[in-house]
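Think of it as A, B, C, D, E and F in the order they're written, each chain with its own count starting at 1.
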Amino acid sequence: MAQRNRKTASTGRSAKSRGSAGAGDDTAIIALKLPPGELSSDMAAYFRKCEEKLGFVPNVLKAYAFDTAKLSAFVAMYNDLMLAPSGLSKLEREMIAVAVSSYNRCYYCLVAHGAGVRQLSGDPVLGELMAMNYRAARLSPRERAMLDFAVKLSAEPWLVEEEDRARLRRAGFSDRDIWDIGAVASFFNMSNRMAFASDMRPNSVYHGQGR
Amino acid sequence: MAQRNRKTASTGRSAKSRGSAGAGDDTAIIALKLPPGELSSDMAAYFRKCEEKLGFVPNVLKAYAFDTAKLSAFVAMYNDLMLAPSGLSKLEREMIAVAVSSYNRCYYCLVAHGAGVRQLSGDPVLGELMAMNYRAARLSPRERAMLDFAVKLSAEPWLVEEEDRARLRRAGFSDRDIWDIGAVASFFNMSNRMAFASDMRPNSVYHGQGR
Amino acid sequence: MAQRNRKTASTGRSAKSRGSAGAGDDTAIIALKLPPGELSSDMAAYFRKCEEKLGFVPNVLKAYAFDTAKLSAFVAMYNDLMLAPSGLSKLEREMIAVAVSSYNRCYYCLVAHGAGVRQLSGDPVLGELMAMNYRAARLSPRERAMLDFAVKLSAEPWLVEEEDRARLRRAGFSDRDIWDIGAVASFFNMSNRMAFASDMRPNSVYHGQGR
Amino acid sequence: MAQRNRKTASTGRSAKSRGSAGAGDDTAIIALKLPPGELSSDMAAYFRKCEEKLGFVPNVLKAYAFDTAKLSAFVAMYNDLMLAPSGLSKLEREMIAVAVSSYNRCYYCLVAHGAGVRQLSGDPVLGELMAMNYRAARLSPRERAMLDFAVKLSAEPWLVEEEDRARLRRAGFSDRDIWDIGAVASFFNMSNRMAFASDMRPNSVYHGQGR
Amino acid sequence: MAQRNRKTASTGRSAKSRGSAGAGDDTAIIALKLPPGELSSDMAAYFRKCEEKLGFVPNVLKAYAFDTAKLSAFVAMYNDLMLAPSGLSKLEREMIAVAVSSYNRCYYCLVAHGAGVRQLSGDPVLGELMAMNYRAARLSPRERAMLDFAVKLSAEPWLVEEEDRARLRRAGFSDRDIWDIGAVASFFNMSNRMAFASDMRPNSVYHGQGR
Amino acid sequence: MAQRNRKTASTGRSAKSRGSAGAGDDTAIIALKLPPGELSSDMAAYFRKCEEKLGFVPNVLKAYAFDTAKLSAFVAMYNDLMLAPSGLSKLEREMIAVAVSSYNRCYYCLVAHGAGVRQLSGDPVLGELMAMNYRAARLSPRERAMLDFAVKLSAEPWLVEEEDRARLRRAGFSDRDIWDIGAVASFFNMSNRMAFASDMRPNSVYHGQGR
């Protein structure tokens, strides 16, 4: 219904004259000037592996690279949470990541993990829905219970009690699954905040992935 | 960093086995069963014009079509606000629409007007940023002031006072512009809520537009 | 229990020396200086009808009168919502208007539609209760369900889901009624915000109506 | 603009058929069944004085009357706060009472003290504005500063700090005045909550006072 | 896990070089300069009794002492609520005091009444839990229901309705008990706010009591 | 002012008859039944070091011990953040931990890190104030700015922008310090949520430390 002809903008301002709202995202990764550090050989290898497999090093890693010990700790925790064996599929973990990041309105994580959901699911609309309002998505009861828990834990952690765990159990999750749902949701509550504290910007390549 | 190979999902669940999270968006437009109504000739003509220009009738119009008087009033107000001459460009009006809909987390309007921002600006990242968190976008002071007003008016209207209008004037807006910013923001606070009240679903074609 | 004798105010300040808190409400209708516009003949006729039937033109209409197209769209939508046939009585629609405006603390709409509730119901206390806290009113289960939905839609629209519609159906509302409850509540979420954006002031005549 | 003819309600439901929304307010004062107690002679005399001066005993006093010690403590604190000498006029104290009660949406106190503001000020619109949204009232800077403090103390007491007191001093208030503003606002935060805990209902006579 | 050796602080700043975060709490009791007043003989006797029984006069009493009428009203209400016969034990009343003060984050009342809970219960951990998050405490259903009501009444009094009272009745409370729970919770909503309005500081002796 | 004699509780209920509110904290560490795992030799050594240095293994480590990879990642990140060289003293990092945990009302972290603040500062009142309301503490401008940033990042991360970083710089913090403040605050936003997700209980020994 919105009219789609760029040339007719009533004020005569050329829409094209404005720079991109994401200008600099690939070069000015964070708003903090940190003294450059040297990568350990492990981390240097990990960066090469990212280049090979993804075609780029995610900006969050470049942001942490000023201190290889911090980078290393972050990578270890991230990879364990998102990639190690779990009762949650990788897609489910990415769905949690995006739903939490949507609650927190985190640009970096919504872009990077929205792409993850689109790619792992092959359903671009699922990626949009996780970023916009997971309640509007057509989800299984299992998925809905998982995201309700993750978002409550993000929004009002002080209200999470035994009944919330019981609800997950009734949806078929094991206690170990509950740990994992909690851990992924908690991790992105950390990661979202690091992105806000430092104004972290996502690699622009993510925007087009999985569309 | 998220691993991108769908086949390796650790639990063996096939990501493909789930239906799309937006399944039915083009057919079950709202969750209310409303007795079908007859379009006035004006509205019938308007629908044909949508088909010609956009290739489809936006679902919000189909939703209102059960009562041609309601549809007609909605279309008149919408077109005046979004397309009539104004000190605000059409893109600016769409940016307000999306920033307000982001505050309210409205699936319908984020999808439909996110596409509008992408198309009018030619900057897909701008569309994403309006939907995710407008504060993270690289905006002109004018744009930022406009969106700050629109979002405050959405979130805490009872706190909007003369100082808020003064801030807009300092950013270069006329009193008529202030009316228009207020009117677009207010309209989407209505429209978002109609979408929630009826579970309105966006035409799936929007998802790919302007990427 | 409060002492009622104005003369004994302990500080000796004369209560009368202050101007009315609503001074100027009838003359300085909004805080925006808008270039005057010309009314279409339809709208001019509508204003005359207001004068005849109500004895005055509501300030909201005078506010919109700077642009007869905007005025006309507003009037069409308003009259359809509040006066056209519906499963909701006119009083019920006014009750929604006031309960929503109370949530948003909108001076203009509380005054104008508070008067509406008092007049349509013949129960001045109902008007007060809608403006103060609808939960304290002695309401039928139907009325309570209707207002709970309207206020949730105002406060946290992102949480309105199928269960909320189901609750209305259990209270006896049809799907068309649900649309109408949603539409009236949504409209006043727009209208309240226009009042805040422009500092709209109600005609002082409303204050005494229906007492 | 709202149509004022009760007979034309579109659904044919007679507006008159519903009981008043305040039915029982004068007889079923609270929703707790408390064993009746005996008034001390002091309190009995105080009740007689209320009857003489006001024409009725405020329901809050009748509610406390089940325990004359509690009643007596309440009356002592109330009368000291609202009637004893202070740098705040009695009207100012009532304005605080209503603005706080509006924040808390307390039916009892809005009705009883809204009447107080109307009567002490001789400005019925001031009473309405305190109950609806004090920010929309035409107030002196002194009044505005006083109410801003009182409402912040009600809404987010944990954020009240030295700068808030400094703002009051800049508006001309002494340290003793600040104590009094704080004390009246704090008292109504107590009183509002007692009204909610017990569902306290105001004497219906208040509704018409000072109109 | 936190390292406990003060000498190793990495920056070399001596932790000891900073003054105590509670410096002046025993001498500069409030941040308002109030003209000193004279105690009535009753209040003077009460202060002596405090010295004898507690070893000190609580700072809240010293704060009110600038006006013996205000002090007297405060003491009468406080002693009735916290010490007079009631279906609630004194410990239960102190638990409400601390849970409410925790919601409001009131330094004065958390310190003074946290000590009260520790002493009356002989369970220092109970004092900590009331101050930190009562939901994490191992409580009886009666205690939990009591605190849920008190905290809801503090946080969102406008949502307290008959169902909340019914829940207390189901937990075994009488209507008189409900009044008392409401009254204690309401009183601390007043008292907390007086502490914020005046920056009231607790006697430092409380910190070590009941550990 | 609260009466301190346990024997006089008015209802005759023996306060001693209730179990401790922290009963089981040392044995039932979390509310999830997780299959026991085997510690790596590194982690086993780390546990022994905890026993030697602290006299106990913090429950959070025991909770993670079901999976030595998760434990190891957690320990690496924790130790880097809290103990590695930084422009923030160890005490400052513990203060952030407690202020964030107070915002989130996290029992585990308030107890464990409250003890940390008391021990590192030698000022037990500082520990209380961080847990109750850091705004009431006598802090240096540097400390206050640091905690304001940490708590805003916890409460409304979406509002953290360049001006917030600028405020830290004006308070003397370097960009690297800002990263560290953000990182510690973000970490505890994760850790608090893991505690809520699993109902993690602190070692009871913490309660008495540093008093």
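The working rule: contacts are C-beta pairs under 8 Å (C-beta built on N, C-alpha and C of every residue); 3 or more make two chains touch, one makes a residue touch a chain.
This is a predicted model, so every value here is computed, not measured.
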* Structure fact -> Moving step by step through touching chains, the smallest count that connects subunit E to subunit F is 1
* Looking at C-alpha means, what's the farthest chain from subunit A? -> D
* Structure fact -> Two candidates, A-B and B-C; the one with more touching C-beta pairs is A-B
* Asked: Could you state the distance in Å from the CA-based centre of subunit A to that of subunit F?
  -> 26
* Asked: If you average the CA atoms of subunit A and of subunit C, how far apart do the two points sit, in angstrom?
  -> 43
* **Distance between the centres, which are taken as Cα means, of subunit F and subunit C, whole angstrom** => 49
* To do: Quick one: which residues in subunit A touch 2 or more of the other chains?
  => 84, 105-106, 133, 158, 161, 199
* Chain contact graph: line, ring, star, complete or other? -> other
* For each chain, which other chains does it touch, given as pairs? -> A-B, A-C, A-E, A-F, B-C, B-D, B-F, C-D, C-E, D-E, D-F, E-F
* Which bits of subunit C are touching subunit A when the two form their complex? -> 158-159, 161
* Quick one: in the complex, what on subunit C touches subunit B? -> 31-35, 69-70, 72-74, 76-77, 80, 84, 104-106, 149, 153-154, 157-158, 160-162, 165, 175-176, 178-179, 181-183, 185-187, 189-194, 196-199
* subunit A partner contacts - residues on subunit B that touch it in the complex -> 1-4, 6, 8-11, 13, 15-16, 18-25, 50, 53-54, 58, 60-61, 78, 82-91, 94, 102, 105-107, 110-113, 115-116, 119-126, 128-129, 131-133, 136-140, 199, 204, 207-208, 211
* Structure fact -> Within the complex, subunit A is touched by subunit E residues 133, 135
